[in-house]
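Below you'll find the structures, each written out as structure tokens.
One chain, chain A, appears in both complexes that follow, with chain B as partner in the first and chain C in the second.
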Partner chain A sequence: MTNIRLIILSAVALVLTSASQAEMVTDPDVIVSRANLAAYYAGADGRSEARMIIRDAQGREQRRQFTVLRRDVEDGGDQDFLVVFRQPSDVRGTVFLVKKHVGADDNRWLYLPGLDLVKRISAGDKRTSFVGAHYFYEDISGRAPDEDHHTLIRTTDEFYVLEHTPKDPSSVEFSSYITWIARETYLPMKIEYTNTAGRVYRRVEVVEVKDIGGHPTVTKSRVIDLDGKGETSMEFRYIAYDLGIPETVFTERSLRRPPRDWLKRPAGKK
Partner chain B sequence: MRSPGLFICLLLLAQSLSAQEEANDWGGDEWEDAESSGLLWSGFIEAALGTRWERDQQVGRKQTLGDARIRLETEWTGERLIISFTGDVWYDSYLGELDGELRDLALGFSPGSNWDVKLGRQILTWGTGDLVFLNDLFPKDWVSFFSGRDDEYLKAPSNAFRVTGYSNAINIDLIWMPVFEPDKFLTGERFSFFSPLAGQLIAPDPPLSGIEPNQGIENGEVAIRLFKTLGGNELAVYAYHGYFLQPTALTDTLQATFARLAAIGASARLPLGSGLFNVETVYYASKDDRSGDDPRVPNDQLRLLLGYEQEAITNLTMAFQYYMEWTQDYDALITNSAMPQFEPEEYRHVLTGRVNYRLDQDKVTLSLFVFYSPSDNDYYLRPLLTYRYSDHWSFTGGGNIFGGNKRYTFFNQFEDNSNIYARIRYNY
Partner chain C sequence: MKHAILSFAINRPRTVYLIVALLVLFFAAQLPSIHIDTDPENMLPASQADRVFHNRVEKEFALYDAIVVGMVNEKDPNGIYNMESLGALHALSSGILAIDGVITPDVMSLSLSDNITQGKSGEIRFSWMMREPPETPEIAAGIRSKVARLPLVLNTLVSVDGRAAAIYVPIKRKDLSYPISLEIQALADDLESNDDFYITGLPVAEDTFGVQMFRQMAISAPLAGLMIFLLMWYFFRNSRLVLAPMIVAIVTVVITMGLLVSLGFTVHIMSSMIPIFLMPIAVVDSVHIMSEFADHYDPSKDVKQSIERVVQHLYKPMLFTSLTTSVGFASLLLTPIPPVQVFGAFVAFGVLLAFLVTILLIPAYIVRMKPESLANLARLKAGSDANTLLARILRAAGRFAFSRSKFILAIVAGILVLSIAGVLQIQINDNPVRWFKDSHRIRIADQVLNKHFAGTYDAFFVLEYQDVSEIENFKKRAQALINDAERAGADIAYVRTEIEQEAVGPQQYFDSIIAAIDDLLFETEQGVEALEALMSFTEGVQVGSKYFQDPDALHLIETMQLALMNTGGVGKTNALPDIVKVVNRELFGGEEADYDIPATSSAVAQTLLQFQSSHRPQDLWHMVTPDFRSTAIWLQLKSGDNQDMTRVVAAMDDYLRVNPLPDGVTANWAGKTYINLVWQDEMVAGMLKSLLGAFVIVFFMMALLFRSPALGVLAMVPLTVTILAIYGLIGWIDKDYDMPIAVLSSLTLGLSIDFAIHFIQRMRTLVAEAGSFAAASLHIFEEPARAIARNAIVIALGFTPLFFASLVPYITVGAFMASIMVVSALATLLLLPALMGISRRWLFCSEKKAAPEIN
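Right after this comes the complex of A and B.
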């Protein structure tokens, strides 16, 4: 009996070992695709509260607090977002609805409660400030993997280190960027952007990762403008996945009447 | 400002609030939870000043704006109910009086999973135009708009029952305003305007007032919108039954009053190229003068709006609109008019342009909105600079500049009212 258990255990160990060796991926497109899924598509849907502290070059601070609901139309593909602002007071009640389309322009709406106005926002440069932060709109919603060429420059014990160059250099402010993608979780842990002069001018880094319902999730990160124009740190809390948020939550109705059942904090979460 | 004392009081109040705010900043670890922390009060304190270039002959004043204002808002959320409140109190140094406005005091609930109801005082908006309104026949505050108060104040509140139903096939908005609520139109108190009757610019004292319909159930306003979003395309049809929002009709004794109005319209808004395209149309049926031969009552009109908006370069958005008013039964109007020389053209065309530029991580916004009418040969410029210094303090400066070459045209009648203004706001 004991022998059989031993044999089974060693067999399992063998399988596990070979599995983790198989995880030594060399195709950069596969790594980027998995990183995209890990960073932006955890679960079929999700709910999270976020807050940001924005520090400008003079050290002055601004704050933002909002709740995000997300639903994937397709894993790695289109997604819906609903962002409800809570702080600061001049944007409280503002609601942002995004229908993200991979390979096409996103549809975006903003609800301004003071005017009862549903404002449609035209497609714009995605590499501009998200609500006044150093994060770009694209950092929050994800940059489509097929917008860049990817090269695996080295593999360390912990990271795949990749260099990415834009297919359309005129559409972005960087000439290339390097990502450090964790081999275990596929989360991009550090991204450094290089300008045309060859200098690193912008760094996005993960400060804390937690396991939320089996999904390794970034709970703290920050972005630094290395030209001395300040930084933004961001924290996520009260995260939950696979809540079964219906498609109807991501419609005009939620702009005027934010869906409280989905926005409220899940019981027992921190 | 006539009362520097009040202004200093506001600043001191802002400072004490500021100190209090720092104390419960995010240094600690509390995450504000809108669901559980009870009533959360917020709002702002604002001082605003505005002036003409020189004293207006009719109004007899140079000043156009002088507000010291406090805004208070909160929301109570129960298991099945939401009660919202937004109110303003301000000292108006132009009028030399304390004023107040309840902008929102309403009860929200959802009877059944596909219906939302909002009952009470509320701001109502729909339609696709940018500062041009066709199917949005909810009250506007043109005095605030022309004097440089925040754009928010262009929308005046209504007492209304609003029921919105959602389904896969179509969504419906039903709004009933039991008592007719007109625009806050120009009365001569703050701004002069052209009177066809007088044949000149006037600023009547006592100010112009319109005789409002009797408060009976039959004299309320009803507005309906059927709407649907198909892909990224937003489609809507609208209907309205009520009154023209401005006192553009005359009684038998030549007093200003509001003519009855029925309107039907439609709109679409969709992505086009890398921008957004919108089209909206409406037919105004002037119910007291269907044949258009009563010169004291406005004629029927067909109105059309076409618009396009696009981000031209990073952080710079440009938008254009073409707007047309086609007065129906025009021959009958001119034949019967006592002052045909002052009647608008049969087709009034207006072009609008907006340039919006965001700088310094959205802290600074520069914008210019231009109305230009080729048929009236007049214009209205709205330059605006907003500096959001911090989460608390913001500074705004702008202007309302009118011009043209005929005294009686829509924008040029306000030429002597051209003004510049500045506002300081503390958000708490």
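Right after this comes the complex of A and C.
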């Protein structure tokens, strides 16, 4: 008897404390908007180096290493990205420049040093593979919150669990996805995509989060292709925020002549 | 031994029944766990080199057996490029993705294809070819020009004439192909469209065959049983008596098949025919016993004594005919094709089992027959059938054979010459799709789709690069650089560990070294120059190790593609250069002039990085491995016939002899169509070995049995003539030499020798009894010739139900069994007397004194 009472009491206490720790948000749009900011808009600008390992069903690996420079035009709004490849050495110097526009098509450029070619990339479909990884272009640049309907399906001690359904189902390969957004940091910690057959076929999950200059930042994540059995893991290192990267870095000129100073690793940090 | 068995059978009939019944029950209980296997890959042992390579290629390039679904529109002027057809194709493709067992990411269809084009302002654009069904006729027609620009799609997913579209459906397991093909058929049936849908592909053919084979076993074997029952009833007119051999046949079949299943063997096309082969063979010995018993039975005497005498009398010839038949089948063990070995071994076992069951069960059965039933046998006494048509024909044949020896020999010599000419024309060929009749929907689908497309049969020409000393050389040269870095004060311990590790593959090995140097370069301030030198050296080696990323290697692949097309047997090839050229063209603005391979390995790498930014990046790895050391050229063949594949392989061998591959590069074949060819070759060589082996053993058995090498040679004559004549016939009528045909040689050997044994042995006995060859030559064409003819008729007609089978190999076996029986009976009854007539002094004079050994 006493045991049961104790359990009930502690359960009640637990619920009360966790509820008091973080405010309880019930509007799914607010949660999604905060998650979007936490995941893609930390600081006014930032740099990081990504090391991607693409592993196929047979365990064979391909590596990609690139530096990402980012500058927010407006928090939660337009952004500029410059992605410069370092490894493998045969694609070194390949550059992507992205001008992300909220509510309009992005502008994307590409530079291929081996062909000495600057080429625009069509805005069209964002759900294409990012350089052969299991990540989509849209996973890297962020999916605009207003492209989906959001429903809060439950709130746990740790997570807001939301279901998202696309407003234009013909533009995507999934029929819905569920995100587990950390209540404390608003970082989406797990995303599961369901196909039209109702089967979860793809999972993106955060493996490690670190505090970088006061911003909780995803430093390791991975995406698993549950159908094809392959996965890509991505590690971010040498992360820095609020560096004051000028707008001029994000212009077509940087394609052929990447901005060395900004691509250099910040000393002493890992 | 034989006395013990016999007295047991006669004195303890109930115990015999009980034992047999228990055995039958036990082995019948094993039958439900039967496992059908129609995968032609299993024609080769799992360790066979080509099969091992084929499996490695399938794994490394993530290739799966695929069902081919075709959609054809012959009416619309735009072919399939109309809203309705494309809508149907879209719906069908989506439906297929939802089927369990389908490898969804690798399904190939127009609606699942990625298109690479120029955008409005010259941007490169990856977009689904047909994400949604086209909404206007213009959009539908416009897809045609898009397809025309994609060499990997044109003539693979849509035919050049625009009349046919194909969906390739890779499946997880081969044995799913029949159920999945039914699901696809159901989806197609529900579509509201004017298009015709077809389903084919080797896995469907094989699995469908398995399903039908199972049914065929349930129909053909009982039908053969019924046929034999009716024939024996015709000859003996006593259903109770005739029931006994039927029981022997059923007991033999059930125990043999039960044993096969319980030992864990799968039932392959060949082993599915075991019951049909065993049934007539099992009956033959019983027929001998009963004929003889009917001859000698005297109601006033003890049944036990009569039957004992009969069995004693027949024991040795029955044993020898069983042994020779068994040897004929056991010789198939010399053929390195596991399903053929299983077939040979179990028929060999079944034949001996039938002998044992016959001498146990038949006496026990006769002993337990009622006196009234036995009395009926009197009607069958010798001579009662002496004036039938068969008897008169045989008598005339005998007179003719003995008197016109030279004429017969001349005719046979002529036949032999013709037969040898026919044998030389034999076409060795097989194709699982041809196991179905022309009218079968799989055959029709095969014809229609291969008319429109460059081919629905696939094979892979795989180029591999290997440089065994590459990593060793790297380690040696890296050593100097790493020592430099160490002297300069860098902490190179981790980099050194990475260099010294056992390399899994060159790419991963170099990647991990580069990552380690990269990390160290960030941390250290000492030895930077040496580390950077090591880094660029490693990177250089890494790029170089990606052999098939190099433009020269890509040009080599192109050359091979061209050579493959020039063989004349290939409809189309798809390979890595096709991807590179398309992406290069679209990067540079889409002009045809840019449909080319870039100049450097890095440029190729960057081009492919773009391809990997599409919707289907994984498609790249079906053509090259991620380390760029192996590349697969996909071949589309219009025919799955081994012959056609053989021609392509031979032409490529010739080509490579004149134009050798660069050092370190090897070429090999993979794919189902090729594997079929390999086992066919092994089978032909193996069959010859089996046949020669059995021939030698049977000859020695004959020489031993007759205690005369000359009579041994004589005994081999009818079967030799029969085998040559049958295979000559196969050559002349253009029937492909396929697996069932190959197996028939051993069967011929095993069965024709029986006739010769009986004929020679009876002749010898008659010569001894009658004292003159002339008298014996008249007697031999009485009861002995009738027994031989009767057995030939029973076996030949026993196989006729196979004519009505829906599967071609069964029909083939039925037809040739009947022919073999007719030819070998004729060879025995005409050629043997002719030869005996010519060489009688030599063969029989000295024999007069010798007591007949075996009757």
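The rule we apply is simple: the second predicted complex is superposed on the first by the 246 of 270 C-alpha atoms of A that agree within 3 Å, B and C clash if a C-alpha of one lies under 4 Å from a C-alpha of the other, contacts with A are read in each partner's own complex, and residues count from 1 in each chain.
Everything that follows uses one rule, which is that a contact is a pair of C-beta atoms (placed from the backbone, for glycine too) under 8 Å apart; a residue touches a chain by one contact, two chains touch by 3 or more.
Remember, predicted model here, so these are calculated numbers, not experimental data.
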Assess the superposed three-chain arrangement around chain A: do chain B and chain C clash, or do they fit?
-> clash
Tell me which partner A:110 touches in the superposition: chain B (first), chain C (second), both or neither.
-> second
Answer with first, second, both or neither: which of chain B and chain C does A:155 touch in the superposed model?
-> neither
Looking at the overlay, what does A:165 touch: chain B (first), chain C (second), both, or neither?
-> neither
Taking the superposition as given, does A:265 touch the first partner, chain B, the second, chain C, both, or neither?
-> both
Taking the superposition as given, does A:175 touch the first partner, chain B, the second, chain C, both, or neither?
-> neither
Check the residue A:62 against both partner chains and state whether it touches chain B (first), chain C (second), both, or neither.
-> both
Pick from 163-171, 271-279, 541-549 or 829-837: which stretch of chain C gets in the way of chain B?
-> 541-549
Enumerate the residues of chain A that count as touching chain B in its complex and touching chain C in the other.
-> 51, 56, 60, 62-63, 65, 86-90, 114-115, 117, 120, 122, 124-125, 127-129, 131-132, 238, 265
Provide the residue numbers of chain B that touch chain A in the complex, in ascending order.
-> 25-26, 31-36, 42-44, 75, 77, 86, 108, 110, 116, 122-126, 151-152, 154-155, 164, 166, 171, 227, 229, 232, 234, 269, 271, 274-276, 309-311, 314-315, 317, 358, 361-363, 388, 390-392, 394, 427-428
Seen from chain A, its contact residues with chain B in the complex are 49, 51, 53-54, 56, 60, 62-63, 65, 86-90, 92-93, 99, 105, 107, 114-118, 120, 122-125, 127-129, 131-134, 237-238, 248, 251-253, 256-257, 260, 263-265
Spell out the part of chain A that touches chain C in their complex, as residue ranges.
-> 51, 56-58, 60-63, 65, 86-91, 94, 108, 110, 112-115, 117, 119-122, 124-125, 127-132, 137, 170, 196-197, 225, 227-228, 230, 238, 265, 270
In the complex formed with chain A, which residues of chain C make contact?
-> 59-60, 62, 94, 97-98, 104-105, 119, 121-128, 131-132, 505, 507-508, 511, 514-515, 518, 522, 536, 539-540, 542-543, 546, 549, 584, 587-588, 598, 600-607, 609-610, 612-615, 617-618, 620-621, 625-627
